[in-house]
Every structure is written in C-alpha cells, then in structure tokens.
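Presented sequentially are two complexes of chain A, the first with chain B as partner and the second with chain C.
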Partner chain A sequence: MKSIGAILTVFLGGLLIYCSMDFPPWGDPDSPANSHVSPYYIEHTLEDTSVPNIVTSVLADYRGYDTMFETIVIFTAGIACIFLLRMFKTVEPETRLYRHLPTGITLRIAKGGKFPDDSDHFKRIDSDWVPHDLILQTTCRMIIPFIQIFALYVIAHGHHSPGGGFQGGVIFGASIILFAIAFDLRSAIKRMGERLTAFLCALGVFIYAGVGLVCMLYGNNFLDYSALADIMGVDPISARSHGILMVEVGVGIVVMAVMVVLYYNLASAGKQDEGL
Partner chain B sequence: MNITVTLLLICGLLFFTGGAIGIIRFPDFYSRLHPAGKLDTAGLTITMGAIALYTLTPFSFEALITALKIILIAVFVFITSPTATHAIIDAGVRAGLKPWRKEIDPDK
Partner chain C sequence: MDELLTILIARINYWVYIILMMIGMYGIIVKKNLMKKIIGMSILQTAVILFYVSIGAKKNATIPIIEHGHDTGHATAVQAAHFINPLPHVLMLTAIVVAVATLGVALALAIKIYKQYNTLEEDELIEILKE
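Our next item is the complex of A and B:
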C-alpha cells in the first residue's frame, strides 16, 4: 500500500514539474499575464480611481466581484464553524471554581451547591485553575486600544500603503482574541456576544453586496463605484476611491467577526462557557 | 552625532548577540527565556533610540514625527516583550515544568 502511495506521489509530482516547464519564465515581459491586463492597471490606475496603491484598486475595484466572493467564502467559513462546533444544548459542568477576590481563596463548589453571583467579591474562574495574572491583564488593557486603532488605520490606509480590509480585520479580531486570552472567554463574550458577532458576519457581506447593488440601481454595472458620485457629491474618479473604502470596511467587519466566531467556538469546543 | 549613533548601535547589537548566545547556551526553558526577554528588549530599545537619533540629525518637523513613531515602537516592545515572557513562564509553571538544578545524578 505504501509503495503504491509512493509511486503515485512521484508520478503526480513529476507530472506537476513537467507541466510547470510550459510556464513562461519568471518575469518574462511577453507572458500573457504581463501583456494584456497588467500594463493597463499599472498605467491607468491613478487616473481611473485616484488610488496610488495598485494592489488595492485591482483587488476592490477592477476585480471587485472576485473579492466579494472571497469575502463570502470567509463568511461561509464562520457559519460552517458555528454549525459544526456549536453545542446548542447547554451542559452545566458538575463543579465550578470561584475566586474570592479580597482574600484570593479559590472555592470549589460541588454539584448541588449554591453558586454565588458574579460580584466584586466572587469571580468565576475556569475549571482548569488559573492564577492571578494581573500583569497580563494590565498590559492587555493598555495595549488593546492601540491595536484596535492600528487596525482601523490599516483598513483606512489601504489606499496608500500595504493594508486593507482583510489585514485590518485580522488585526482587529486578534485584539478581541487577545482580550479573551488575557481575561477569560466569558468576559469576552459578555463584551462581544455571540449574536453580535453573527450579525457582524452578515453585516459585512451586506455592506459589500449593498454597495454593488446601489451602483446597479443608479444604472451602472454591479460594483462600478463611479455611480456613487451623485450620492456623495464628488466627481466619478474620487467616487471610485471612496467606494473602495466602503467595500474595505465591509471586508474588515466580516474578517473581524469570523475570527472572533472561530476563536469562541474552537477554544471552548462549542460550549462557549469556558476555555483557554 | 554619527559617532553617538554608531556607539549606540554597537551597544544594542552587543545586547542582541548576548541574547542569542544566551538562548543557545543556557540549560533549560526558564533560564533561556531570561536572555530572550531581557536582552532583546534592551537591544531593541537602544537600537531604536539610535535610529530615532539618526533620523533627527537634520532637524525638521517631519523628522520629529518619524522619530516619535520609532520611539513608539520601542515603547510598545518595552511593554509587551517582558509581558509575553512572563506569560510564557507562567504557562510553563502551570504545565508542571520543573526548573533545572545542578545536581549529581544519584544513579551514577
């Protein structure tokens, strides 16, 4: 069996390498990729869209349809994760751990005991006992706002520098995951609940597709942002630039929400009760 | 000014070298994190300070902004790097990793 696998691997690998012989050499100016659309993008991006970053304009304007479905792939991943992992029946753990904050004593409350409410005195902790991590929590409290501001900067500055919706969304999602790691999953869910994340997943795709639809309502093609010039009161070229920004915001919201959904479900094995 | 910048850069690189050697030479997890956390932070702070000084040499408003951004990098690394080391060591203790001790093996 192993030898058959080895033969197949060698055969398919050889086939792949043989096929790659037919590729044009790297950086060949006469290759199809370099002779049809690329020169157009490189020469006309600035006058078409007034966006200095060619990558952003190709991604969100010239090839906006493609990026919309990339966004939908991410959305689908988040939804699939919810359906595969989320346990909708809540299973209460038999024992719970509480920390008495003024003294630092950890209490284990067995099944049938009375659970105290979360207050200034008692705080529920994960069943895998966690120590006081004051240093970690203070640092995260200090750093997370800066991470989020940087994420917004990356989203908004995709026009001029490397960045955009996907990267900024990932940074924003990472800041919330950092919060969930440094504190615990419950306090993260209390701040950003399951309903909100699911709603944001859908909202981002809705923004993207909605911008395209508005363009269509104004008589242009789907995702041809120059139609938005009338609404925004600018000329068609800067309308394309602003349209890219609106679409990027939608992408950022989807990516952020899906990151958070994936973390919530994977870290708690779908129970969304305690984890990591 | 260039001499100051060069001296600071050499100083910072010395810290980095010490950190790299320390990570290889120290005997166990906890002691390896000691050079990784401390010397890298010190090296990065000094190197970034040198670069900020170098940017400032023909003084202008733009140069000041750039230098402030570089200093901001140093500040964030100064805050986060020791915290990360602290968290990793905490995780090691919770996972039950025993610190290394220099003792003679009783079986021999």
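Our next item is the complex of A and C:
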C-alpha cells in the first residue's frame, strides 16, 4: 500500500514536471493567464469603479457573484461545525474546580455537590489552570483593542491599500480568539455569546445579498452597485465604490463570526464549557 | 549546460510547487491517521495557492494598486504591463479563507469520529466498522 502510494505520487509529480516544460516562463507578461481578461480589469478599474486597488474591485464588483458564494461557503462551514459538534444537552461534568479568590484556595467540588455562583469570592477555573498568567493577560488586555482597530482599518481601507473584508475579518476574529486563549473560554463566551456569533454569521451574508437585492429593486442587475447612486446622492461611479465597501463589511462580519464559531466549538469539542 | 540552466531558472518555482503537492498527495494517500491526512490536504492546498499566485507574476511590474492621490488619477492612462495580474490574487484570497473554514469542518468531523470510536487510525476504524 505504501509503495503503491509512493509510486502513484512520484508518477503524477513526474507527469506534472514534464508538463511544466510547456508552461510560459515565470514572469512572462504575455503568458495566456496575463493576456485575456486581466488587462481589461487593470485598465478600466478606475473609470468603472474608481477603486485603485484592482484586487478589491475585481473581488467585489466584477466578480461579485463569485465572492458572494465564497462567503456562503464560509457561512455553511460555520453552521456545519455547529451542527456537527455542539452538544445542546448540557452534560454535567464529573467535578468542577472553584477558586476562592481572597484566600487563593482551590475547591474541588464533586458531582452532586452544590456549585457556588460566580461572584467576587468564587471563580470557576479550568482543570488545567495555570496560576501565574499576569503578564499574558495584561499584554492581551493592552493589545487586543489595537488589533481590533487595525482590523477595522484593513476592512475600511481595502479600496486604497492591500486589505478588504476577508483579511480584516480574520484579524478581528483572531483578536477574539486571542482573548479566549489568554483568559478562558467562558469569559470569552460571556462577552461574545453563541447566539451573537451565529446571528453575525447570518447577518453578514444578509448584508451582501441585501445590497444585491436593493440594486435589483432599483432596476439594475443583481450586485450592480451603480443603482445605489440615487440613494446615496453620488455619481454612479462613486456609488460602485461605496457599494463595494458595504459588501466588504458584510464579508468581514461573516469571516469574523465564523472564525470565532470554529474556535469555540473546536477548542471545547462542542461543550463550550472548558477551552484550551 | 546553459540551456539546462535556463530551463531550470524558468521552471524552478513550478517544480517547488509540484514537490509540495506531491508531499501533500503522499500524506493523503498513504498515511493511516486521519489527522495526518488533514495535514496533507492543507499542504496540497498551499501548493495550489502558491501555483496560482505565481501565475500572476509579471517581470518589471508592481502590485495591482494604481498610484493615486486624492481625486486624481481618473484621467491618466494605465498600462496593463505595469501591474501584475490581479485575478489569481482575487481567487486565492477567497480560497485561503475558505480553506481555513473547510479545515475547521474537517477537524470537527475528526473530533466527532474520535468521540465515537476512540481512534483516528484508519485501519482500526475499518476493523471496528466491520464488526
């Protein structure tokens, strides 16, 4: 089995290397990939959409359908993860660990015992709790707001510099995952709950499809943002640029929410009780 | 010798991606552990992404962002040869995020399988399923 797999892989690799002889040389400006549709995008993006970042204009305007369904794929992956892993029946854990904050004593409460409420005196801790995480938590508390502002900048500045909804959404999701790792999963869920993340997943797709539908209501094609010119009071070219921004915000929300959903469910294996 | 060298220089990047792809393929086909298969799948995806991005490269060209000031640049002519091909970048931009999302689903399935059968080894799983 092993040798068959190795032979098959080497055979396929050899075939591909043989075929690579017919490829155009690296960096050839006249290669087929560079000479059909992409020159149009490069030369007309400013007059069509007034967006200098060609990647953004192609992503959200010329190929808006493609991106919309990519967003739906991400949304579906998040929902699938919830359905696969999330256990809606709360399984009582064997034992729980509580820390009495004034004295620093850890209480181990067995099944059937009375669990204290979270208060100033008692705090629930994970079974693999590390006591000395002062530096980590302080650093995270200082750095997370800046990560989130940078994420918003990346989303909002996607028209003029590298960036956009996908990248900004991932950075924003990473900031929340960082919070969940540095503190614990329960305090992250307390701040950004399950319902909220699931709602944001759906909201982002709704924003994207909704912008397309509004364009249809105004008599243009689906996702033809120039129809928004009347609502926003700008010329059709600028309206396209603004439409791209709205769509990018939707993409950012979906990506952020799905990253958080994936982390919550994978880290706790669906229990959303104790994380990493 | 010189001919061989020019071929090597012009093709070396494709060969690197093909080798990466072979590593991923080998992992998917041969390895028995589902985690290792998932890792192989990720390596394969990375190879394809690198391949696509390298297709878009052009000599003496810059990143696909047109130089602009505030409310200028609408009139100046843009030469396609001065900017690299944006299309592969767009496709791979979405593909990377979708790859992460699908990786999450793959890991969720792996967790589910491990909970059910207490193993991730393929041959052990087949043994259990035969019974």
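Heads up, the rule we're going with is that the second predicted complex is superposed on the first by the 275 of 276 C-alpha atoms of A that agree within 3 Å, B and C clash if a C-alpha of one lies under 4 Å from a C-alpha of the other, contacts with A are read in each partner's own complex, and residues count from 1 in each chain.
By definition in this document, a contact is a pair of C-beta atoms (placed from the backbone, for glycine too) under 8 Å apart; a residue touches a chain by one contact, two chains touch by 3 or more.
Fair warning: this is a prediction, and the values are worked out from it, not measured in the lab.
J.: Per the contact definition in the header, classify A:K190: touching chain B only (first), chain C only (second), both, or neither.
T.: The answer is neither, since A:K190 touches no partner chain.
J.: Can A:N265 be said to touch chain B (first), chain C (second), both, or neither?
T.: Once the two structures are laid over each other on A, A:N265 reaches chain C alone.
J.: Return the chain, chain B or chain C, that is in touch with more residues of chain A.
T.: Touched residues of chain A are more numerous for C.
J.: Touching A:L8, do we find chain B (first), chain C (second), both, or neither?
T.: After superposition on chain A, A:L8 lies in contact with chain C alone.
J.: Report for A:P29: first if it touches chain B alone, second if chain C alone, otherwise both or neither.
T.: A:P29: touches chain C, not chain B.
J.: Would you sort A:M142 into first (chain B), second (chain C), both or neither based on which partner it touches?
T.: A:M142 sits against chain B, while chain C stays out of touch.
J.: With the two complexes superposed on chain A, say which partner A:D133 touches: chain B (first), chain C (second), both, or neither.
T.: Once the two structures are laid over each other on A, A:D133 reaches chain B alone.
J.: Given the complex with chain A, which residues does chain B contribute to the contact?
T.: Chain B reaches chain A through residues 76, 79-80, 83, 86-87, 90, 94.
J.: Could you please specify the touching residues of chain A with respect to chain B in the complex?
T.: 131, 133, 135-136, 139, 142-143, 146
J.: Considering only the defined contacts, which chain C positions touch chain A in the complex?
T.: Touching chain A: residues 7, 10-11, 13-15, 18-19, 21-22, 25-26, 29-30, 54-59, 61, 63-68, 73-74, 77-81, 83, 85-90, 93-94, 96-98, 100-102, 104-105, 107-109, 111-112, 115 of chain C.
J.: Quick one: which bits of chain A touch chain C in the complex? Just the residue numbers, please.
T.: 1-2, 5-6, 8-10, 12-13, 16-17, 20-21, 23, 25-29, 31, 33-34, 37-39, 41-43, 45-47, 50, 52-55, 58-59, 63, 66-67, 70, 73-74, 77-78, 80-81, 84-85, 160-162, 164, 166-167, 169-170, 255, 258-259, 262, 265-266, 269-270
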